[in-house]
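Presented below are the structures under discussion, each in the form of structure tokens.
Next come two complexes built around subunit A: one with subunit B, the other with subunit C.
Coming up: the complex of A and B.
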């Protein structure tokens, strides 16, 4: 302050030096104001929203051509034995998982409910599949899902989080940043829609593991509907045309293998269940490289036919697989 | 080591511990998450929480017993909690210190002089405490007038007065006055039913610094930092009305720029309580000998503004111990004897002020309740967490610390802004849109963290109505209602039933009625029929619209309707799943109807528990087409819908 006061000339009259400095500073101010006005003036206001169609982007095809189209239907009450027998029947784990493969396992962890209620993929089954993959030389295994209930609660209560981590796989929680807007070619609804895409980075094999459950709207929740958990956003609006949407999911995902767990099948009150009385001992495990065939075989356990499940025919039409699973000559054996 | 260094270490330790407890109150299984960390400890140490609850519930719930330790230490040491432990106090201390750096000593001395405004906090305390004594008062009147407990109560009141006023109130004159007032109140109870009017409400949490700082850190600072680093939660957590919580927190901190420890000195009801309790402390700050030169240096860093160089004001002293070291003549110490320059050991309120504050406190509650929020005008939008006690008792227990909102894994528990009036400000209510799901069936976290049992620590068995609770059925927090004007199948003929799918109850509380509805312009004039293909003459259909699996062709004959699922359609033809029976294909048939199969959701009030998952999942994303309100909640029989 003191310094400024000193500069004020004691008598009136213009001081050239002071005037020139002030004039230069004022000029700089004028130039800045003018430049802001000139460069930042927006005469039109915001433009109307235009649909920015993302260039179509498909998820990779994870199927193994040399494994062929096969289905195994295993009888047995022990999930671990059944899945081992089933994978053996399809040609052994080595057919699917090669050394250095990076495997993503998409489970159904939709609800915060204990494993005994079978609303989610059973943790034993996940542990065993992870173990087999790592044994076959997989470089890494990750387990993911975008559940309906609170993700942390779902993975904790369903036992999936614990099973994943103790078996040596990585658990991927569906954080907002892991979704990207994608447009899946050939689909009706997956247009510029958030997909849980980050966990797919570097992945070479994809295994879907789902329980067989009653589902009022679509008729059944099995391996194709399990891909619903790769979709983000307010995905519930797709229930308005759920059969077409499940077909879209089958177009989007080409898995290495799907595993359908019908050891206990939720035949009523699905897909949440909530009581042991909603479950029926069906003691069956279905493994297939063809997701449509697997679901068609799973429908039998729910006492349903393809006529009850229009999404099966739609998925077949879209080329996702074969509705007539018997034509694949299912390998039927008992778990040992 | 200087005693002030020890004090600083203590402050830093307790502040870090507090922040750690805030972080550890995260639902989860990692070591740093909620696995037995005593995250409520500071609330439990807080004697104002304990005293408030004691007044309203006549009991010290669970860990509130810790407050006894604080009281005992305060009775011996003085107001140590404010200067050594309180995390909010430490924040003020630090900001006040930082703000006064670079100020000249006379300015510092001026900012730390005693102000009459420091009496405000005692009035704040009186208003808040007297708002919670209504229960006692009504008991006094209820027990048929002149009850034998009166002499004991007289003694109690006298000793409280003695703590507050400068002169001893333990004299005959005041005893007679108090006895007279109490007898009059009891006698009044004989003639008028005053017990219905006088009620208690625990409002200490509005300004009690411990709930305040928990609330501010947990609901404002943590979500703010998590929006960037996502450490304590995977996604952004939302809390309603945080502007007010944040405003009070920031304003309290900024006021340190004007007066150091503004909040502690002028507003803090807990500081006031500690000040009163410390009146007879065995150790106290004071002059130990000799004559003071009057340099006022001791004031320059005095945290309590208690004028240690004159007659020290004991209730204002927060034991910062700075004066011991700033005194150049080493005249001040922490002694067992009273200050040689004399001391003022009570807040010295005016009798008039005391009466006004106490009557305001007592009168505030019945006055607020004229709004009928606890009666016929109860707000069904106030959905309390599962295990909450009935509303009037809830308001007697809840200290607005919002630990439940912090721990709730789905973030549905929200601090209330306006739904339950000022009495319910920041109390927990559920908002199923704000959270990441509804109230999770297998979760009882809120009841187990609640420090005052406003939400009881229920077991899973009790929540789900299993085992010994089978007879009671599950705990309900409300009931879902379908808004048929907004629901996609009800209002717009679009298939949906997301609510039914997500209902977690078994058997589901949401069930469906099947209905076939003819679509708009769905009466079709038919042409040739060949096999499963029907030609349509009028109107033209939008191509590929009806092959979704949800549409049917309906043909009626002799009162019997036969339906065939539509597999595909072109503008003027429909392919059906199966052929129509031959008798329906008569030549004179002119039209068929195109129908959509709808499943219409219905709620079974006997089964619905009000968890709100349906509301959260409803695809009508604005005002949901199915919404939970508090009707049917277990804690109030009078809100029940059920006949049972």
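Coming up: the complex of A and C.
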């Protein structure tokens, strides 16, 4: 039978021996290709860049050690009076801003939303802070953010653009060229990631001003979440682990001072809101050199605890501040 | 063995070289992968060209064309898809994405006589009326006033929220005093996108006595912290001086409803609950005490129902009994 098969003439002229040799070669080729594929397969996907890779330096530390860790909680319905009272309570603007300082004010201009809805930093507050900085001798004040919506619309419709320019500050709109890929040591996500770094060139002081808002994803949007606006790229992917990312932001930014506006607090449907009925008259302004403490105090206005907002404990563990704001002996007073 | 021609050898070598080049290029590209550079494309298209065809909602119709007398389009229409929704509403996107979101179209309008007075129209296409009701109900403001437009509607001081067909609509004005313009715009929009006929939802099965019908909500996923609980309607009852949260969900079959009731009961037991037995007169029902509150779980035909976090046992039993009877009536009518 075997001999009979060997003698079967094949149209291609291949005999049984040739066929087996070719089949073995083809099989070996397939096996080799599979083995190479298996060897090259990376089940974890591409890893982010590591901190040791070449990357520009992290953002400078803008804190003022001699100012100490302080917090002021001011009661009042007038933002201008509240911020003046608060800064005075922390030692006066001169404690933070010296003659010749170049100040950057990071606002929340995330949405093309009117000031009345309190989804963005209120323009009145920006004007007053800029005025105080210039009065203290600041050589320059710049205001910036990288909004969620179209930047031009956001700064125009929120009133922030006009408030910035009319008060004598420079408005820095985000452009691609203003971002630099940076790696922030100690963070989980900020590795070789675009950061709005150009506005920081030559800056000596940084002030964050944010409204206190409910946030559907993180539970709250306050001073630490406000630094989200310094991040570029496809940043919405960080919503998947928002609490760790807010901790990263707190590690990245060491501000001179943060100002949390709870004159009207968006307690529902944040971060966009949309209705005046999303707002509650809480008539409070929080100013602090400790951003974690400020946010912990702000959470109270939202009716939330540190347990509701895991990013607070994460930021504290990372050394960004204390969530036990009472331990800083808050200066509580009414706006004069 | 057949002799391979020179041409065949050349072609073979060329193909192998091409494959090798592709492999090298792939390796090189993936080693330089930068997630920051990958950004979702904006969805292009017309806002009203969604799934519900209507005579006046064709592809040529843009939101700007809906401007009523006294309003003029301010800027151009923006359209967002699932990948870009967060570019417009940031962290609130998850609420919509988990409820069948297809696209959002927005258009601002300003008062023709005073361009500084403006409002913004948001048209969310949620693929069906049930999904639209979910996002509408979950954001409903507490101090809402009933409005006469679309299928469900309410207004607040500066805004109008309503449903029309599968669309959830928000009209948000920058300040108060634009009620007439908002109403005119809403009516034009409803005429352009009429709702389907005979749209009914399960919440009609909530017994009406003691029901606060303004509290009916539809939760699409992870309801009460249990990841298997989805498509659940909740409503508040004011009974025995207690506020009682009740829930109803239609499942695919009576078997599925019974299985889900069993699984949810197990979830309660695993999370600090203790079983108190069957509610009298409700065969198959189960009552649990979870810390200081009571949970009733039952199934009737294809419906899963119960009460959630009720402080008074008798109130939980009373509402569960009323719901069971109403559901049982429906089941009996259908079987007859």
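Observations, loosely collected:
Rule of thumb we're sticking to: the second predicted complex is superposed on the first by the 282 of 336 C-alpha atoms of A that agree within 3 Å, B and C clash if a C-alpha of one lies under 4 Å from a C-alpha of the other, contacts with A are read in each partner's own complex, and residues count from 1 in each chain.
In this text, a contact is a pair of C-beta atoms (placed from the backbone, for glycine too) under 8 Å apart; a residue touches a chain by one contact, two chains touch by 3 or more.
No experiment lies behind these values; they were computed from the predicted model shown.
Superposition note: with subunit A as the common reference, subunit B and subunit C are in steric clash. Once the two complexes are laid over each other on the shared chain, residue contacts for A:236 go to subunit B and to subunit C alike.
In the superposition on chain A, A:298 contacts neither subunit B nor subunit C.
Shared-chain residue A:153: touches subunit B and subunit C both. When the two structures are aligned on the shared chain, A:176 is found in touch with subunit B, with no touch to subunit C. Of the two partner chains, both subunit B and subunit C are touched by A:216.
In the superposition on chain A, contact of A:274 is made with both subunit B and subunit C. Once chain A of one complex is fitted onto chain A of the other, the partner contacts of A:76 are absent, as it touches neither subunit B nor subunit C. Once the two complexes are laid over each other on the shared chain, residue contacts for A:311 go to subunit B alone; subunit C is not touched.
In the superposition on chain A, contact of A:14 is made with subunit C only, not with subunit B.
Only one of the stretches 38-46, 92-100, 326-334 or 596-604 in subunit B has C-alpha atoms clashing with subunit C after the fit on chain A, and that stretch is 596-604.
When the two complexes are superposed on chain A, the residues of subunit A that touch both subunit B and subunit C are 111-112, 114, 148-149, 153, 157, 215-217, 234, 236-237, 239, 242, 268-269, 271-272, 274-275, 277-278. Those residues of subunit A that touch subunit C in the complex are listed here as 12-14, 18, 40, 46, 48, 110-112, 114, 116-117, 148-149, 153, 157, 181, 192-194, 215-218, 221, 232-234, 236-237, 239, 242, 268-272, 274-278. On the side of subunit A, the complex with subunit B involves touching residues 111-114, 148-153, 156-157, 173-176, 215-217, 234, 236-237, 239-244, 268-269, 271-275, 277-278, 307, 310-311, 313-314.
Residues 27-29, 230, 234-236, 409-410, 435-437, 440-443, 488, 494-498, 500-508, 512, 548-550, 565, 567, 577, 599, 613, 617-619, 621 of subunit B are the ones that touch subunit A when the two sit in their complex.
The touching residues of subunit C, counted against subunit A in their complex, run 1-2, 27, 30-31, 33-40, 75, 86-95, 108, 118, 120, 139, 141-144, 156-159, 161, 170, 172, 174-176.
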